[in-house]
Amino acid sequence: MTPRRGTGTPATARLGALVLALLVALALFGLVFSGPDRDQGESVRIMYVHVPSIWVAYIAFIVTAVCSAAYLSKRNRSLSWDRVAGASAEIGVLFVAVSLVTGSLWGRLSWGTYWVWDARLTSTAFLFITYVGYLAVRRLGGTQRQRARRSAVLALLAILEIPLVHFSVRLWRSLHQEATVATGGTDVHMDGLMLFSLFLGLVAFTALYVWLVLHRQRGLTLEDTVADRGLDAAISARRSEAVG
Amino acid sequence: MSRSRIARSVARKDLRIEWNSRILTNQVAPFAAIVMVLFAFALDNEGILQRVAPGLVWLATMFSMLVVIQRSFAVESADGALDALRVAGVDPVAIFAGKSLALAVQLLVLEVILVFTAVVLYAVDISASGFGLLVVTVPVATVGLACVGTLYGGLAAGVRGRETLLPLLLLPVVAPVLIGATRATESAFASGGATVSEGWPWVGLLAVFAVLFVAVGSVAFGPLIDE
Amino acid sequence: MSRSRIARSVARKDLRIEWNSRILTNQVAPFAAIVMVLFAFALDNEGILQRVAPGLVWLATMFSMLVVIQRSFAVESADGALDALRVAGVDPVAIFAGKSLALAVQLLVLEVILVFTAVVLYAVDISASGFGLLVVTVPVATVGLACVGTLYGGLAAGVRGRETLLPLLLLPVVAPVLIGATRATESAFASGGATVSEGWPWVGLLAVFAVLFVAVGSVAFGPLIDE
Amino acid sequence: MDTVIELNDVVAVLGGFPALAGVTMSVHRGEIALLQGPNGAGKTSVLRVCAGLLPIERGSGRVLGIDLATQREDIRSRVGLLGHQNGLYLDLTVEQNIRFWAATVGATENEITGAMSRMRIDGRLAGVKASQLSAGQRRRTALASLTVRRAEMWLLDEPHAGLDAAGRDELDALLRAAVQAGATVVLASHESERANGLASRVITIDGGGAR
Amino acid sequence: MDTVIELNDVVAVLGGFPALAGVTMSVHRGEIALLQGPNGAGKTSVLRVCAGLLPIERGSGRVLGIDLATQREDIRSRVGLLGHQNGLYLDLTVEQNIRFWAATVGATENEITGAMSRMRIDGRLAGVKASQLSAGQRRRTALASLTVRRAEMWLLDEPHAGLDAAGRDELDALLRAAVQAGATVVLASHESERANGLASRVITIDGGGAR
């Protein structure tokens, strides 16, 4: 790895510029071009952040799971799989948080309360907790390979939460007559521009995700090398403990 | 040495430890029962008790389960037995199966006590069909709980910092079981006007989780407890 | 060596152990918070949450307290430190005072977190006077709980056989505190149409218990931890 | 020269089992007395009785002139006991442990630093959590915490166990110095050569009795 | 005569601390190798690495021909480890403990009774809860549970600690018999006289290194 300031490369720099442009475009379409919604009013604009961010979070967690599987399956287990998995999970948690916040803000506007103990909201909260737990497990210590193995297994368990979240609404609905509100998707009537803005959001956030992951996994690589350097120092100190 | 025989001897060992120390019968069960009584005190306004009784039963089960799990792995790490198990090259799948089995048995005892307490304390009257539903719900839910509990209990054993995670990791996974079991029990208790027929689909959900956790647990336990 | 100085160093030791191991902040508090979430999820039908929120806060406190106490005496008996304390001829009253103090501090932290969680999760809105009531209720209840808890822990730390009786012994004793605190908090939260003025008598009751347990504890602790 | 330990036909019960079934022995001030005997003989129990931890069921005894039957609590503050366990707080660092025990007996800063250097607890080691110590490092921490106290009598249960060669010699020197200073030492040990070399009196315990 | 343990500049980390900072050593089949060195040198860690419990961070090594870096799990079933801790279930009786460990490795009734009698576990003792044992009785129970297994290599961490005079001699005889039967023994000990008499090779560990 050639010594370099920061974790960027010309490529990521260009990608960063693209991300910026996409976000600006999203802001324009989301706030200016697309009109207010019939029953949601202006508040519908939150959707352009709320929905893409959760979907990108899904993507992030799936990437984590895939990389974890790759790590476990590969003969020559390369730690870079593990680092990508970790980076992706971190960014994913970030996006879930965004979706939670925007969602509850939207909730305040459209149902007058930040939070209800409805299936989707709660399952989303659990999704968040699950991956916070995953990140905590990554910090448990032990050797890098131990960390990789342990967290890879956990990632493959955690991914099961996503279908739970996704189908929670239908699952709970179908089983139990309880007014579940957070399924606006069905009652938000979408005109073309809205739909476009929504998918513009998806594209922009995905690009943002890729950009962040690239940087983060390089960061993790550097962290590991720094840890190795620290170990070198500790080892020589330890050797000098010898009395005889 | 066949896997199932080792699993059985692990389970027998755990149950014998329980039998010798009587932690469950003398400590956890009374505790759980008293918790129910306290609930009765704390929540006894406008007779909402009947309505929330099912939820309370399964919450009490959850909390007691945490105690039982911690205990079940405390005995392993108390004098370094877990290391000994690892060095003995005992098949992790067997350990998982054995400990889950023992945990399931203990949970069953607990749940029976709790349901009984609930019926008595909260004046729940339960129909024959509701009883049938309950008889299916409890074991199915228990299998799921026992497996997932053992799985994460194993992760939480060993290194100190880890135990921090047990509730954190357990909650999201257990929540569906908790909900399913609660809803099914509500129908069984006919609390809040729920009907028995509404309960069965939930039992189906519980079954799915049970199968899932059995499979996942057997695969994942080894790597998780293993340093 | 003056009794109060020893008590302080015992308290400092316990708090430092907590600080080094972070069990309370990393383990008990999240657990308690999660307990609240589970309650919310299990009981959130027909919006009875606001009404039962106070009861839940104090139940969660109870559960967490049991964990903290067990921990507080586990560290004593883990490597035989309690024997060392006894042989060091450390005045039992000082030990009791010190450990109760440390326990009270930890409980306070916990209760603040729990009340906060309740206010957020259960959408409780609290008036100024209600807040005042709360500010008095929590510490007073805590003193009582801490003293009983330490007493109970001392009992638990002794011969194995004893601990089986503990939940049975302790919870009935704590129940009045639990109820008093719950009622006072209900008035503070104005849940179920309770008014703040209704709350103060309960605080009085709590105060009585606190004084009682401080006295009883100081007298009874020595004989208890002593084989 | 006066008797500091005097047990007459003492019976002590542990979990329903008579760990001591009639022990009769005496130790004089300034002696190093060695308790020896097979596993399960009752050595640890004798030490715990002498420390006032284990109540006596039958028989009579006086330790430092205090009657075991009636006021054994008063013995404690005057003796120092090192059991099979080290009595450390695993979540405290080595130094925090030692300073806590020092505080309970009001030891001075000099005594603390003295005790630490005597057990070669310095630099990195002082700041390590007890849970991260090796077996022998724990033993040394326990001995340091013990020696910050000015006990009239030391009761040591296999004190050499786990100590390295240097540590063993340091300990022996320490004990010899203590008896010079007028203290009394009772130790249980299975390392006969070393212990016999140290002891001025050997008491053999077997089947819960001493003869 | 083949090499059963071969460590090349092995580094192992415990809680961020390099317990082993470059250990290079080798042990041949049929040897009794003694690990000696000051407290905190790394003896226990070496044994745990050889048992496949402690992963190695750097360097390379083979135990019984198995690579430590990639398949250390496979080592376990073939070695027997006695640590500072005894690995007993305190709520089980002595016999229940031994029989459990026997069951996990499918030992025969003869092997069980043999192991118990070898450690003088009989009559009353067999039925006592492990929590009610004296220190040495626990050690003996642990040794009995260990010897029901037919391990190719025994890793013993201060095995003599707590054993009475008779027990020590029995243990030594047991180890000599084991190496006769083709097993290999690695033990860590601070009792130099006894251990040196036993060992056919002495490895000195210090400051996390062997040289």
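Order as written gives the chain letters A, B, C, D and E; numbering starts at 1 within each chain.
We take it that a residue touches a chain if its C-beta (ideal position, glycine included) is under 8 Å from a C-beta of that chain, and two chains touch if they have at least 3 such contacts.
Because the structure is a prediction, the values reported are computed rather than measured.
Asks: By the touch rule set out at the top, what is the minimum number of steps from chain B to chain D?
Replies: Tracing touching chains, the least step count from chain B to chain D comes to 2.
Asks: Centre-to-centre on C-alpha atoms, which chain is most distant from chain C?
Replies: Farthest chain from chain C, going by C-alpha centroids: E.
Asks: Is the C-beta contact count larger for C-D or for A-E?
Replies: The greater number of contacts lies at C-D.
Asks: Please identify which chain has its centre, taken as the mean of its CA atoms, farthest from the centre of chain A.
Replies: With centres defined by C-alpha atoms, farthest from chain A sits D.
Asks: In whole angstrom, what separates the CA-based centres of chain B and chain E?
Replies: It comes to 37 Å between the two C-alpha centres.
Asks: When the C-alpha atoms of chain A and chain E are each averaged to a single point, how far apart are the two points in Å?
Replies: The computed centroid separation for chain A versus chain E comes out at 47 Å.
Asks: Report the inter-chain centroid distance for chain A and chain C in whole angstrom, where each centroid is the mean of the CA atoms.
Replies: Spacing between the chain centres: roughly 38 Å.
Asks: Which parts of chain B, given as residue numbers and ranges, touch two or more other chains?
Replies: Expected reply: 21, 160-161, 164, 168, 171, 175, 226-227.
Asks: I need the residues of chain D touching at least two other chains; which ones are they?
Replies: 84
Asks: Two or more other chains touching the same residue: where does that happen in chain A?
Replies: 122, 141-142, 146, in rising order.
Asks: Strictly by the criterion at the top, what is the full list of touching chain pairs?
Replies: A-B, A-C, A-E, B-C, B-E, C-D, D-E
Asks: Can you name the residues of chain C that touch chain A in the complex?
Replies: Interface residues on chain C, with respect to chain A: 37, 40-41, 44-45, 49, 121, 123.
Asks: Quick one: which bits of chain A touch chain B in the complex? Just the residue numbers, please.
Replies: 122, 126-127, 129-130, 132-133, 136-137, 140-142, 146, 149-150, 153-154, 156-157, 160-161, 164, 171, 174-176
Asks: Taking the complex as given, what residues does chain B use to touch chain C?
Replies: Interface residues on the chain B side: 21-23, 26-27, 30-31, 34-35, 37-39, 41-43, 45-46, 48, 51-52, 55-56, 58-59, 62-63, 66, 160-161, 163-164, 167-168, 171, 175, 178-179, 182, 192.
Asks: Which of the residues in chain A end up touching chain E in this complex?
Replies: The contact residues of chain A facing chain E are 141-143, 145-146, 231, 234-236, 238-244.
Asks: Per the contact definition, I'd like the list of chain E residues that touch chain A in the complex.
Replies: 11, 13, 15-18, 21-22, 38, 40-41, 55, 57, 204, 206-209
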